[in-house]
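Alright, structures below, take your time with them.
What follows is subunit A paired twice: with subunit B in the first complex and subunit C in the second.
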Partner chain A sequence: MKKYLLKFLFLMSALLFILPILSTIGMSFWQEKLSLQPWIDLLLDTPVFYKMFWNSMFYASVITILELCVATPCAFGLVTSKIRGKKIIFMIYLILMMMPLQVTLLPNYIGLREMGLLNTRAGIIFPMIFSAFGIVVLHQYMLNLDEAQIEAARLETDSVIKILMYVVAPQMKACIIATSVFLFAECFNMLEQPMLFLKEERLQNLTVFMMNASGYEGNVLFPASVIFLIPVSILYLYFNDALEKGIKL
Partner chain B sequence: MREKKGLLFFTLFFWLFMIFFTLFSNNLHNCMLTKAEIYYPKMRMFYLKDGTDNEVRQKCYAIPAWMEDCDLFIAQTEEKNGQERIFARNIQVKLGEKEGLFCPIISNDYFGEPLILRSENVLSDGEEIYVKNWR
Partner chain C sequence: MNKKRKKIRLSWNKKCCICMFPAIIGTLVFSLIPFIRVVYYSGIKNQFDTSFALFSNYERVWKNEYFRIAFKNSVQLILICVPILVVIAILISLILVFGKMQKRRIQIAFILPMVIPTAGIAVIWRQFFSEIDNIIPVYLLFIWKNVGICIILLTAAFASIQKDVYEAAYLEGANSVRRHIYMTLPISAPTIFFTTLLSIVNSFRIFKESYLYYGTNYPPDYGYTLQYYMNNHFLKLNYQNLSASAVFSTLFAGIVIAAGMSFIRRFQN
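And then the complex of A and B:
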């Protein structure tokens, strides 16, 4: 009896976690009564939603790919190089990663303004490529790499890129996938940067649309939230095995 | 494996759904609207009464005489959900006596906005419409 009661309690607490998602899905079919009107309002009457959805996809994909291209060699360099003070450099990365986003927003804004990148797609992509998260995660995973293999590869070739591609990357597949999924989710959900760096609606992303949803006619917020949930959920479901492996640092 | 197959099917469905609606939502939206034809009234010379028994010749906007007894709607653009759309607005204007095939608009608050000549369904004030011959 006690066993069943515990099971029931755990089930209830699990349900509590998915309740907001279930209620979002439920509310997307509700307008005074059960209705498809909110979906019709969003899909047929709010064309700006599509622009922002594809903008979100574009920003998240491009930033994830470019950040991986920057972070992987950077982390590899930090692990394998024999320079003094690399621990201090890594500490600086750690501190940067721990910093709240709001602290770096203003310096980023000033930098982008000086470079003339405000209100451009590059203004969103450029600062995000160099975030510390990817480097820190990949660095920690690379500490467990088989050094003998890397040394053996060094005897075969001088090219660091070849060593990265053919020796390091295959060993780090799970970690790279896990990092990519987290980076994609982070970029897909970003709100402050587009709000601050972009003025034009055609460049904004889906999170800004959700924030301004009350300004649009029709009950578009709930169906938009359901669509907003899907791309990242698909990624998590596809790569959940790699995520589990990749997170075990 | 079966789970992944289902997920693959769902992913494919989701992307096709998003691409389809991105490309065709505007056309689908237009299909749902009342289709209307508009008419840009031109100015013509009319004989109008000046309050006494005299008549003066004056240039006024002219509408087809058969519209004299109908509810008059103009087509107006307004922004809705980030896009410029066309709406039907009911207007109350004072009409003069018809001359031949035309009738003069003698109200001072009409400035030549496009009039809705005919529509698929009965229009209501503020209804969004689809105009084929919009300039």
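And then the complex of A and C:
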């Protein structure tokens, strides 16, 4: 009896965790009574929403792909090269990863201002590509890389790029997927950078739209939230296996 | 033969070093070199009079009433919220790893909030807690969102414990609660400490949750954290105050991180 009670309580707490998501979906079909009005308001009468949704998708995908292209070789170099000071480089990245965003924003802002990249898409993308998260997570996973395979591959080819693509990447599959999902979710969720680095509405992303959504016609907040949740939820549900195995810190 | 081999190894090593260049150059250009500027700004009087003022900017920031409220709230968040979060995560992970039930599906429910964009959930949160005017809704949002990563790390650590460790305890008739308190938790202590440190670090980043929940630059006093202080000075582009508080926050975060890391290191040895 006690066992069943515990089991029931545990299931209820799991349900409690997804309750906010379920109720967001429920509320999007509600306007005094069951209705599609919020969805019509959003999809037909708020064209700016589409623009911002695609901006969000664009930023998140571009940043994720480019960061992987930059961070994987760097993590590989940090693990395999034999130079003095690589531990210090890794420590710097570890500390950078743990720094609050508000601290890194000001240096980013100053760097972007010098280069005239404020209020451009590149200004959002560049600082995020070089964020430390990807390097740290990939590095920790690469510590368990099968070195014999790399040695064997080096007899065949002299190109680091080929070895990275055909020997390292397959071994790292779970980690690369997990890192990508996290990066995508992180960029999809970004608020401070577009808010502070961008002035024009046409460049803003969905998070900023949600901030200002009370200013638009009708009851668009809930359906917008639902659409906001869809891309990351799909990614997570599809890749949840890799997500749990690919993170070693 | 030997000579040739050495030559190849050298060039391979160089190639590996070159691999790191793009990321390191990017980090230097966008973060580290500008950070030196931030330190410089925090020491000068203002943009037009660049004579050094040493600590007067810091003093002004430290004496500011709002900065103090913000600092107090940030510390309070670490002291109250992080322990609760870690305890909840440990309990859930224990049940997930050692309980006898369909755990895959249940685990998904606990981890999903981690990837959910905050802006998509802030609306329903405001609806749920519209009557409450204290900090608890923000704390709950923080716990809800951060339990996932803790569970991923903890379940991995718990699942990797060898089963025969428990056999002696079984024979002595220790019940499951005692078994976990005296065996599971001490064995995975390094992971638990790391999870705690990670949660503290994540508590520095609570601004987004709080900002989307309150929907304003000026939340009630109990919700005002260091990040609000910096954000508001950012909008005013008050470089001197901003730089001083950035350096101050960097030091604060740096000390907490370094202390945590060295504690874990020492514990592992």
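Note that the second predicted complex is superposed on the first by the 247 of 249 C-alpha atoms of A that agree within 3 Å, B and C clash if a C-alpha of one lies under 4 Å from a C-alpha of the other, contacts with A are read in each partner's own complex, and residues count from 1 in each chain.
Just so it is clear, a contact is a pair of C-beta atoms (placed from the backbone, for glycine too) under 8 Å apart; a residue touches a chain by one contact, two chains touch by 3 or more.
Every value quoted in this text rests on a predicted model; they were computed, and no experiment measured them.
After superposition onto subunit A, partners subunit B and subunit C are found to sit side by side with no clash.
Of the two partner chains, subunit C is the only one that A:Met27 touches; subunit B does not reach it.
Applying the stated contact rule after C-alpha superposition, one finds that A:Trp54 touches subunit B and leaves subunit C untouched. Contact with subunit B, but none with subunit C, is seen for A:Leu44 once the two complexes are overlaid on the shared chain. Put subunit B and subunit C next to each other and count what each touches on subunit A; the higher total goes to C. Residue contacts after overlaying the shared chain place A:Phe197 against neither subunit B nor subunit C. Using CA centres, the angle subtended at subunit A by subunit B and subunit C is 120 degrees, rounded to a multiple of 10. In the superposed pair of complexes, A:Leu237 makes contact with subunit B and with subunit C alike.
In the superposition on chain A, contact of A:Pro73 is made with subunit C only, not with subunit B.
Closest approach of subunit B to subunit C, taken over C-alpha atoms in the A-based superposition, is 12 Å. With the contact threshold set out at the top, residues 237 of subunit A are in contact with subunit B in one structure and with subunit C in the other. The part of subunit C that touches subunit A in the complex is made up of residues 12-13, 15-20, 22-24, 26-27, 29-35, 37-38, 92, 95, 99, 101, 106-125, 127-128, 144, 147, 149, 152-153, 155-156, 194, 198, 201, 204-205, 207-208, 211-212, 215, 226-227, 230-231, 234-235, 242-243, 246, 249-250, 253-254, 257, 261. Across the complex, subunit C is touched by residues 7, 10-11, 13-15, 17-18, 20-21, 23-24, 27, 70-71, 73-74, 76-78, 80-83, 89, 92-96, 98-112, 114, 126-127, 129-130, 132, 135, 154, 160, 164, 181-182, 185, 188-189, 191-192, 196, 206-207, 210-211, 214, 221-222, 224-226, 228-229, 232-233, 235-237, 240, 243-244, 247-249 of subunit A. Every residue of subunit B that touches subunit A in the complex is listed here, in rising order: 4, 7, 10-11, 14, 18, 21-22, 25-26, 28-29, 32, 80-83.
Those residues of subunit A that touch subunit B in the shared complex are 43-48, 50, 53-54, 201, 216-218, 227, 230-231, 234, 237-238.
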